[in-house]
Amino acid sequence: MDIGYDDDLERFRAHVGSVIRDILPDDLRDKVRREHAGLTPSDMRRWTRILHDRGGWSVPGWPAEHGGPGWSYERQYVFERELALNEAPPLNVFSAGMVGPALIEFGARDQKRRFLPGLANGDILLCQGYSEPNAGSDLASLQCRADRDGDDYVVNGVKMWTSDAPHADWMFGLFRTDSSGKKQHGITLLLIDMASPGLTMAPIRTFEGGDELNQTYFDDVRVPAANRIGEEHKGWGIGKYILGMERFGSAEVGRSMGMMRRLKRIAAAEPAAGGRLIDDPHFALELARAEIALREVELTERRMLFGPGGPDAMGFEASLLKVRGTEVQQKIMGLMVEALGSCGAIDAGDMRPGGDNAEPLGPDAAAHAGRVFYNLRKSTIWGGSTEVQKNIIAKAVLGL
Amino acid sequence: MDIGYDDDLERFRAHVGSVIRDILPDDLRDKVRREHAGLTPSDMRRWTRILHDRGGWSVPGWPAEHGGPGWSYERQYVFERELALNEAPPLNVFSAGMVGPALIEFGARDQKRRFLPGLANGDILLCQGYSEPNAGSDLASLQCRADRDGDDYVVNGVKMWTSDAPHADWMFGLFRTDSSGKKQHGITLLLIDMASPGLTMAPIRTFEGGDELNQTYFDDVRVPAANRIGEEHKGWGIGKYILGMERFGSAEVGRSMGMMRRLKRIAAAEPAAGGRLIDDPHFALELARAEIALREVELTERRMLFGPGGPDAMGFEASLLKVRGTEVQQKIMGLMVEALGSCGAIDAGDMRPGGDNAEPLGPDAAAHAGRVFYNLRKSTIWGGSTEVQKNIIAKAVLGL
Amino acid sequence: MDFTLSEEQALFRDSVERTVADLFPFARRQAAVATEEGYREDDWRRLAGLGCMAAPFPEACGGLGGGPEELMLIAERFGRHLANLPFLASVVLGGHAVLFGGTEAQREAILPGVADGSVKLALAHGERRARFDLAPVSTVARAEDGGYVVSGRKDVVLYGRAADRLVVSARLPDGRDGGGGTGLLLVPGDAEGVGRSSYATHDGGRACNVLLDDVRVGTDALLGAGGDALDVLERVIDHGIAFLCADAAGSMWRVYETTLEYLKTRSQFGRTLGSFQALQHRMVDVYTSCELARSMVFEATLNLGADAATRSRAASAAKAAIGEAARGVCEEGVQLHGGVGMTMDVPVGHHLKRAMVMNATFGDARHHLARYARLGRAA
Amino acid sequence: MDFTLSEEQALFRDSVERTVADLFPFARRQAAVATEEGYREDDWRRLAGLGCMAAPFPEACGGLGGGPEELMLIAERFGRHLANLPFLASVVLGGHAVLFGGTEAQREAILPGVADGSVKLALAHGERRARFDLAPVSTVARAEDGGYVVSGRKDVVLYGRAADRLVVSARLPDGRDGGGGTGLLLVPGDAEGVGRSSYATHDGGRACNVLLDDVRVGTDALLGAGGDALDVLERVIDHGIAFLCADAAGSMWRVYETTLEYLKTRSQFGRTLGSFQALQHRMVDVYTSCELARSMVFEATLNLGADAATRSRAASAAKAAIGEAARGVCEEGVQLHGGVGMTMDVPVGHHLKRAMVMNATFGDARHHLARYARLGRAA
């Protein structure tokens, strides 16, 4: 048994790590160091392009015929970890890990030809159209309608919590095409051009001041049936498949490891009782607790990904990774705010270079700690809330 | 506003405190200092007699006509607190606080005459016959039958978790006299002579080694109808009334305050890192946390007891005192075990004077810490488990 | 043991509640937060008219003769409605520094303005390198020309830019009281050499860094008869802690109420959220936290007049307990609101911000647990 | 990354499982606990016959050439079935002290007996005043007549009375290796001057205090070539920690399974307990703790061969995490069993005792969090 990398994987790690450090633009790294604050959709396009041009690294799991390097799961895992540890932006998970693989698996030849290259090189940004005002945790009760009319669907309704909708080129979304049966039936997966007539957006501001979220309104939006993925009425299965594809992502272990490194840098720089905060016995104990909690999730993820059967054999028990991983991440971000002492009260808006606040207080890297802390409250709510995940585990794993 | 005692109450406190120290036998105090380990029913008889002879202090809330001092709620509260802080055994709560008041309120004149003097002076010890094998949290589903036969009831069935049954003179219990209606109906409250023919007992050993619990079997046990309290079939209300009478008890704040004092004595004596455990920054923080948590419960209890309307106005929100009070008590006992370091592994049985272990390890006062810690796991299970209390609060207070 | 407000206090609380509720409906509150100073002078005057600023001061200083209990009643209302005002800064910190630290003449000269709301004070004490410790002060007051010259820097001074006068802590020159202890000096906000760069705190409040660059003040700027002011500072900040605890408790109760309401109305899976037992039990925990917090507000408030060790221990107990509880309750509130809880226009997230700022002000829970333990050992 | 047992390991695990399950049905286990030494010599021999004691030792010493992974497999089975045996004491602690600290000659002389189960060792190191720190040793070995005279007292020596030989830590005389470091000495259990007062631990195990009153041993009693043995002790005890962690994880999984089963069968209010959502979510937390604990067992076990800092940090991480998790899971198990969980004849309470003893052995969670933090700063 071995919990670490073997020699081959270690060589691979060293190689991709050094390339990442090489190709990573300073401004992107600085944004990552601010806990991703300020990373824009166009930054993500640029980073995707850079990785793509390095040999399809933007889509590490895709086979060569679709422009990827076709790496093994182990290598994909190591590569994503190295991105985070070298403080690079993550992959575009919608493109690389979710919709791309679904298209490769279920898409028509023509759909693959139209979409895969743009997903790989960053020309196409996607947004997700799943949630609705009355379909959150209870996703299958979605009501946004797509009625067949000749070669088109006519879409009417509202999607909620659409991240980065104004910057997206296409939405992949679930729509109701039949209301007669049980609610999981009659759902269809469509790709919708965000420039379609009748499609409008309104931002939803989040309480920390972010504006990445939107409501998306559909008013007789015509969608060619050629943009349907899979069969009509059978979108629920593919939609869940797409969510389930995010094998290396939902626990956000890599990002949390990066955060932990930054937290320790901050604690080593912050003053406390005439010394450094990291030497304060009480803070040090909390830090140790968080570090160990993160290690638990990291190793459990490894065990589940690379146990017998590999990632494809992961079952519903993987839900615990999302539950626990997001909890630990929130804990780490909380400690980062706490590390700043009274400066933890200061809102980031005024700590940007050029802001009203002449001299930033607290280590620069933590300038956005508060806002990111608030923003990350979402991670236990979205993508299947902690409560929904526990229901799933209770039923599917525990048999309750 | 005032969270403390006024001058009058403070004088009362000083007086009863000094009397308690005066009349408390050393051997009883030593047992209390061992976290009540070894306190026997006959110790409780003796202590009740001592208090009784001091002017009815064994039944502080009873009016003078029944042999009590008729103290106000404030004085009862202060007196019970002083018992705990002076490391005296508590009152016999079944007699003084639960069945006695119920008899005074609902009992026939003859019942009062027969039972009250013995309850007050310790001649009568009671045990409680509520729970059954299939009626624990769901108490109203009890099945132990009492069938009317002339002037008697004939009782058949089993009672479970009967504390100190072999030492008790009488049981107060709830029995099924009618199964036709909803389950809360048709329950009758009886006093049963433990020497009755057909009544047998079997001990239930608890996992820490205790033997206070029993199953009590009824095989055609005849109980005179004169021993019924209140009306036939209407015992559920009185039974709940009796439980609700325990106004000053369920959170066990006084006992926990005594424990906390002892824990601090131990932490001041235990070695750690060349100094004392109480100066260890990490242990000190846990200790502070527990002390503050206890203070929260103490003050909340005071607020609820002595807010507008006084103790009689306490509603279902008082359930939180039991939930939180028992949690905090378990936390304190856990810290006491932890304070002993590697000696916390040693079973008390062998640390008694004269045991195999020539020299007791760890402070003598903590010799029974482990066993008491295990024993107190019961406190969140019995008397309405934490889960049941939360259901009650959710429904009655939150309206969910 | 008396947990009942006097009739007068109950009336006062009710009138404060009506006014604060009237001034701080959520949308109006958000508009005030977006202004330059983060609050409206009109609102300030309206509360002054109600006697809020005068409440805790003696009548001889233009006050109404109340004290900690009145401050508690005000703070609970502020927390409940997320009211942002320089009240803690001016009345509780600045005002009480003068009240406890000033001579009778200084009190009578300064406090009437504070009490009628026409003058605002701020306490410029904290310095970043000291983290949450009160004793280390590196700002210096040199004796020069029959006065003092003050130099240094103060960080995160609450509502410092709104203040007419700053109460600045500084190391006094040697020779006076032997070792040159820490003194409190009254410095006009617009004195030459005072720089104040203001910024928002997460809860929409305001704070600033104060740069003191050879600021000249007269000898009469020194509060009191001299001598080390650390005891005064401890006492003042314990009052601030009690105020923050009451504010946080008010905020917690509001989160409890609105979350409970949300659970009763929002449906998922064909049932109201409130019918799910797992959420019921969590709401019971939230409710329990609120009740315990209310008790600890009494602990902090009603011990403010006790001896220093009792007072500080009670304040630290409350700050540690309520700091953790407020954050926990607000995090639960956001979580139980689901996506809705993440939005700018729903108050629950703003309550969480208030809890986080409360924890970052005057020491976090760990700091106060350690202080509590230390004071317990000394006792 | 390889989380699969070799075929050989899987067979070994299965045969250990069968045998341990056969030897320790709960009632039979309780009967063994009630015997004088707390275990049956027959059971010990049966496991020796299976190769359990030989598993971790090199073939040159009569072992089977396995190592930490085999110890982990054994420990998990012990924890699962609450097996009490002097295995940790003799094989893991005593045996590995000889393996890591002894000369080749000592290893070959002593370990074959340990490996075939005919000889039992115990590690007599801990002293009460040191609490959980390994370094302070007040037991002294004086040089006299071409040997050592050992005096002192060792506390809570696991299965000390069952041991044929004790590995005793003592301060060596000055002059040898300069400052007289800590050495490990092999002392026959029945040597003159050795007093062993045995008692039960909460989990039904046995331990004793060892009084050493001028106990005389030869120079060959000193393990190794001399020199400070603290590094050896750290390494040995990290092995003990990994073993305890695996034992605790096995115990946790068993509590999870039996509690789940109980919830599925026990009814209250006309429904199975397992249908209540509040309990479902708590069982999910229990399950999650078990999965995380399994990972941390790997962390501790598979780093035993790493450099000292990595090894000790991994051991402390696992000990802290699993120590808290095991106690938490067992407490939940008792609570969810209700009154039944309080009874002597139901295993769940005994699992809680095992978790508490685990926490009291080689340092509690706080101790290991602090050690982990210290090692992290040094790195």
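Each chain carries a letter (A, B, C and D) given by its place in the written order, and its residues are counted from 1.
Basically, a contact is a pair of C-beta atoms (placed from the backbone, for glycine too) under 8 Å apart; a residue touches a chain by one contact, two chains touch by 3 or more.
Just so it is clear, the structure is predicted and the values come from calculations on it, not from any experiment.
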item: Chain pair showing more contacts of the two, B-D and B-C; value: B-D
item: Chain whose average C-alpha position is farthest from chain D's own; value: C
item: Between chain D and chain B, distance of the C-alpha-averaged centres to the nearest whole Å; value: 39
item: Geometric centre distance via CA averages, chain D-chain C, whole Å; value: 52
item: For chain B paired with chain C, centre-to-centre distance based on mean C-alpha positions, whole Å; value: 42
item: Per-residue overlap in chain C, given as positions that touch at least 2 other chains; value: 276-278, 280-281, 366, 369-370
item: Sequence positions of chain B contacting 2 or more other chains; value: 281-282, 285, 387, 390
item: Residues of chain D defined as touching chain B within the complex; value: 126, 128-133, 136, 155-156, 197-203, 207, 209, 268-269, 276, 278-279, 331, 334-335, 338-339, 341-346, 348-350, 352-353, 356-357, 359-361, 364, 366, 369-370
item: Chain A - residues contacting chain C, complex; value: 131, 136-138, 141, 160-161, 204-209, 213, 270-274, 277, 282-283, 286, 337-338, 340-347, 349-351, 355-359, 361-362, 370, 373-374, 377-378, 380-382, 385-387, 390
item: Touching residues (chain side chain A, partner chain D) in the complex; value: 1-6, 9, 74, 278-279, 281, 284-285, 287-289, 291-293, 295-297, 299-300, 302-303, 306-308, 317, 320, 323-324, 387, 390-391, 393-394, 397-400
item: Touching residues (chain side chain A, partner chain B) in the complex; value: 281-282, 285
item: Chain D to chain A touching residues, read off their complex; value: 1-5, 69, 260, 263-264, 274-275, 277, 280-281, 283-284, 287-288, 291-292, 294-296, 298-299, 302-303, 317, 320-321, 366, 369-370, 372-373, 376-377
